[in-house]
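Following: one structure in structure tokens, then a few remarks.
Letters A, B, C and D mark the chains in the order given here, with residues in each chain numbered from 1 onward.
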Amino acid sequence: MDPLVTFCLRMGDTTLILGQQTAAWCGHAPVLEEDIAFANMGLDLIGQTQLWYEIAAQAEGQGRTPDDLAFFRTERQFLNAQLVERPNVDFAHALMRQYLFDAWHLPIQEALCESGHQAIRELAQKSVKEVRYHIDRSRDLIVRLGDGSEESHAMMQGALDALWPYAADLMAIDAVEQALVGIGMLPPLDRVACAFEAETAVTLDRATLAIPGNGHARTGGRTGIHTETMGYILAEMQQIPRSFPDARW
Amino acid sequence: MDPLVTFCLRMGDTTLILGQQTAAWCGHAPVLEEDIAFANMGLDLIGQTQLWYEIAAQAEGQGRTPDDLAFFRTERQFLNAQLVERPNVDFAHALMRQYLFDAWHLPIQEALCESGHQAIRELAQKSVKEVRYHIDRSRDLIVRLGDGSEESHAMMQGALDALWPYAADLMAIDAVEQALVGIGMLPPLDRVACAFEAETAVTLDRATLAIPGNGHARTGGRTGIHTETMGYILAEMQQIPRSFPDARW
Amino acid sequence: SEKDREFQEKIDRGVRIEANDWMPEGYRKTLIRQISQHAHSEIVGQLPEGNWITRAPSLQRKAILLAKVQDEAGHGLYLYCAAETLGISRDEMTAQLLSGKAKYSSIFNYPTLTWADIGAVGWLVDGAAIMNQVPLQRCSYGPYSRAMIRVCKEESFHQRQGFDIMRQLCQGTDDQKAMAQDALDRWWWPSLMMFGPSDKDSVHSEQSTKWGIKQNTNDELRQKFVDQTVPQAGWLGLTVPDPDLAWNEEKGGHDFGEPDWSEFHEVLRGNGPCNRDRLAARNKAWDDGAWYRDGLTAHAEKRRNMVAEGAA
Amino acid sequence: SEKDREFQEKIDRGVRIEANDWMPEGYRKTLIRQISQHAHSEIVGQLPEGNWITRAPSLQRKAILLAKVQDEAGHGLYLYCAAETLGISRDEMTAQLLSGKAKYSSIFNYPTLTWADIGAVGWLVDGAAIMNQVPLQRCSYGPYSRAMIRVCKEESFHQRQGFDIMRQLCQGTDDQKAMAQDALDRWWWPSLMMFGPSDKDSVHSEQSTKWGIKQNTNDELRQKFVDQTVPQAGWLGLTVPDPDLAWNEEKGGHDFGEPDWSEFHEVLRGNGPCNRDRLAARNKAWDDGAWYRDGLTAHAEKRRNMVAEGAA
């Protein structure tokens, strides 16, 4: 597959699956303000997904639409980072997943603002504003709940322990990205991981949360290897289009 | 639709969806013996489903297979009783759902042993042995856990309160069954509800559980009106066949 | 009393009542009941629609539905604020909802079973809600009136989106058309019930009308809704499931059948298809979120102590 | 000691050791470790396969898979019973599993990602397990030996079913064939690792062999597995993902590449793809089920008291 298509799918699949997981909290969050915030983040993420899929579909040139990409691919064809498919165990997991994602999403979008590919650059310039707002919110909550009550501290530490190993998958870079950097379509991405480390080191320290030491890196999502939760997410998400393959909605 | 087909789908959809819900406990039950028991009941229920669907498919005569009926119908075409689609909230719900189902399933299978339709009669004669074993087990557990610790009593009473209103849907009889009784294909089914009442009155009393007073009857499953949990069950169950519509497995 | 009389005169002159103005206890209570009930409806109303966010059949529809559910939560927020101006806290109102003491609109005790239900809810339920809410923009109580102006603007947008889902289905495959008709069949009567029983059977109406909280009778609004909706159904090619429905040239409106009020009262008494599930979902969200709320409180406390120490 | 010598002679004569016979502490401990680890593997092994019960693509496959997972739980039961004859309770063993102290077969720390994985697990994982288990039918400890006879019979049935899933996929659509190849690619190396590191690197082997607990070296069994499986893959039309694989006429077997033992050790140390999820699932099942176990105990207590009162 064209590296550009692969890269756009990696990005779009990641925002789509996180949007899907985020949106599932609507009506079930701990306070009304969180219902609103999660719906809002979900909305931004779905919007970004549409933009990534448009670039991918156009680069692919096989006439597939963004909806085809979302609803008619199988699990092994989805290239999202494993982090975003981790389940909605509780709201602490949802917040921590969002924060770790944001801590990667902001620097990569900032980097992409300098992409040599016009559509990607425009996408990033639009998205980066949304992402800044997201991380301001999620960073603040991580600190307040990490350094909150004994229980909220334990909940956030538990979520961090469970999710930290999956952060590596966000930063995973392979020949696909290297090829795009090589032709100037992407700026060098090394600084993204550095920015992630710096952001999380400071914030988790303020939150009195300990970064797990034995956190072996879980990767694979970027090449279509997922965790066992992924199939269920797709089953639900794709049910209607797959049940009525000839329909338009 | 031919009343015979409708009746067989009502029966087979009910055993399928319960089998699906039951099977989800494999590996997650409170003790190993329950892992085994739930797998075993699931197996019996799936087996019964196959038999009902074979009769339905044959009566329908449109070349659909049992698998077509299971995997290529939509929610509004499923005719199972709402009881069996109620979620696996906890193991108390799973046990109570099974018991209420068994308390109906035994008398209806006993009645069907006298069906004027040969295949149904044979199905019932085979199934009734399995069902007797199921209710012996589930009745025993209802009594022991209802009349167990304070906590287990509360769990079982909570499950009964939640599920009792849905029992009515099992017993619901309409023009479909009446037509089949009229032509002698089914024996009169009034005694099924009587047997259900007698069974539950005695057992729940022994279990020190109170039948909810305000239990308004929830019905509709038999005409394809379900609860909001049903769509998710089908999404998961049908995912693979719907994703690969041309494949045989 | 003299005060009551002066108050009524203000109302009659069309002067808006504001939070700090004197008002009769009954007026305050009626408004608290009505506004909090309306807020609860927005909150519970997230559930039947939220049920389809993860299953929306296109990215665009998913985004639109998310935005809608977000708006609803936002409406809940304004309305709780409006009620708070009358001297009740959001926590008190939440407790009333979770215990089952407070009501919310009965329509949300019906399940959303297919994607077409999301269309029907937007078209019919939001449509009926707007009929009820438009007059409330002129309600005598200022904060409520202003909240409703904002709510109505967004609701009419939602209604158009719901209608657009129906339009797409009705122009689609046979399966899609059948899905749309099925949704109309199931949502029609519950939507008519949203206007409440006929005014002759309604308890609070007369005083509320006098106080400028209620402007139209239930029957007037229901008639208006039917007259607006029937031609839309016709345009979609759908059949309204009412054999008594007929155009009455003389009254310049439709004649239509009577909803099943025994069903209405059953749902109101807690025996609708989803009453239990809705309250259970809200209670679970609240209980599961206790650690979150306590955590934020604990953090704020720590901050205050640090500031106090710094100041000392 | 004298007793140790007599014990070794019994073993060497091929006499089965039974539960009440004297045995060296080391023998007992080794067996407890091995049998309980095997039992835990059956229990945890329910999870990757159970993951596909609700999504099995035909009713027949669903029934077969259910029966298989049921068998596995049954194997766990016999094996716990066999271990209990050595003086450890099932609750103690369960506690060791749940705390992470006891091991289970590392293979179950890999995820089942597609339906083809259910085929591959049956074909390769059960295939490798049988290779390991067949010799254990002749194990010197009677209860374990008898349990293994029963287990092996069912396992070879499971392996055939797994192969049949693969066969159907390989005769199916292009998507299905690709799915089968992908599953083989992912399960091949982990299956080879199931035999453990080369014997020269294995700690417990020598004493276990002397005690008649272990009959073959890890490398012998691995070779046998490769030689059995490679032609099956060929028959299916699948490619074994090992560039070094080649028939060696001289040794009458296949040469093949070295598995990535650093991956093996990582998984063993708890860092495999699913270690955390597997233990979390088992712990959740146990914790969520406390009320059930306590309830049954309380009921039994009541019964005993009633009987005692009746007798008094």
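One rule holds for everything that comes next: a contact is a pair of C-beta atoms (placed from the backbone, for glycine too) under 8 Å apart; a residue touches a chain by one contact, two chains touch by 3 or more.
Not measured: the values here are computed from a predicted model.
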Shared interface partners, meaning chains that touch subunit C and subunit D: A, B
Which of B-D and B-C has more C-beta pairs touching across its chains: B-D
Centroid spacing, where centroids are CA-atom means, of subunit A and subunit C in whole angstrom: 34
Multi-partner residues of subunit D (each touching 2 or more other chains): 55, 175
Contacts with two or more other chains, residues of subunit A listed in rising order: 74, 231, 235-236, 239
Chain contact graph, described as a line, ring, star, complete graph or other shape: other
Interchain contacts (touch definition) - all pairs: A-B, A-C, A-D, B-C, B-D
Subunit C-facing residues of subunit A, complex: 16, 20, 23-24, 26-36, 39-40, 42-43, 46-47, 49-50, 53, 66-67, 70-71, 90-92, 143-145, 147-149, 151-153, 155, 236-237, 239-241, 244, 246-249
Residues of subunit D that touch subunit B when the two form their complex: 43, 46-47, 50, 53-63, 66-67, 69-70, 73-74, 76-77, 80, 115, 165, 168, 172-173, 175-176, 281, 284-286, 288-300, 302
Residues of subunit D touching subunit A in the complex: 48, 51, 55, 111-114, 175, 182, 186, 266, 270-271, 273-274, 276-277
Of all residues in subunit A, those that touch subunit B in their complex: 74, 231-232, 234-236, 238-239, 242-243, 245
Subunit B - residues contacting subunit C, complex: 74-76, 162, 165, 214, 216, 218, 220, 225-228, 230-231, 235
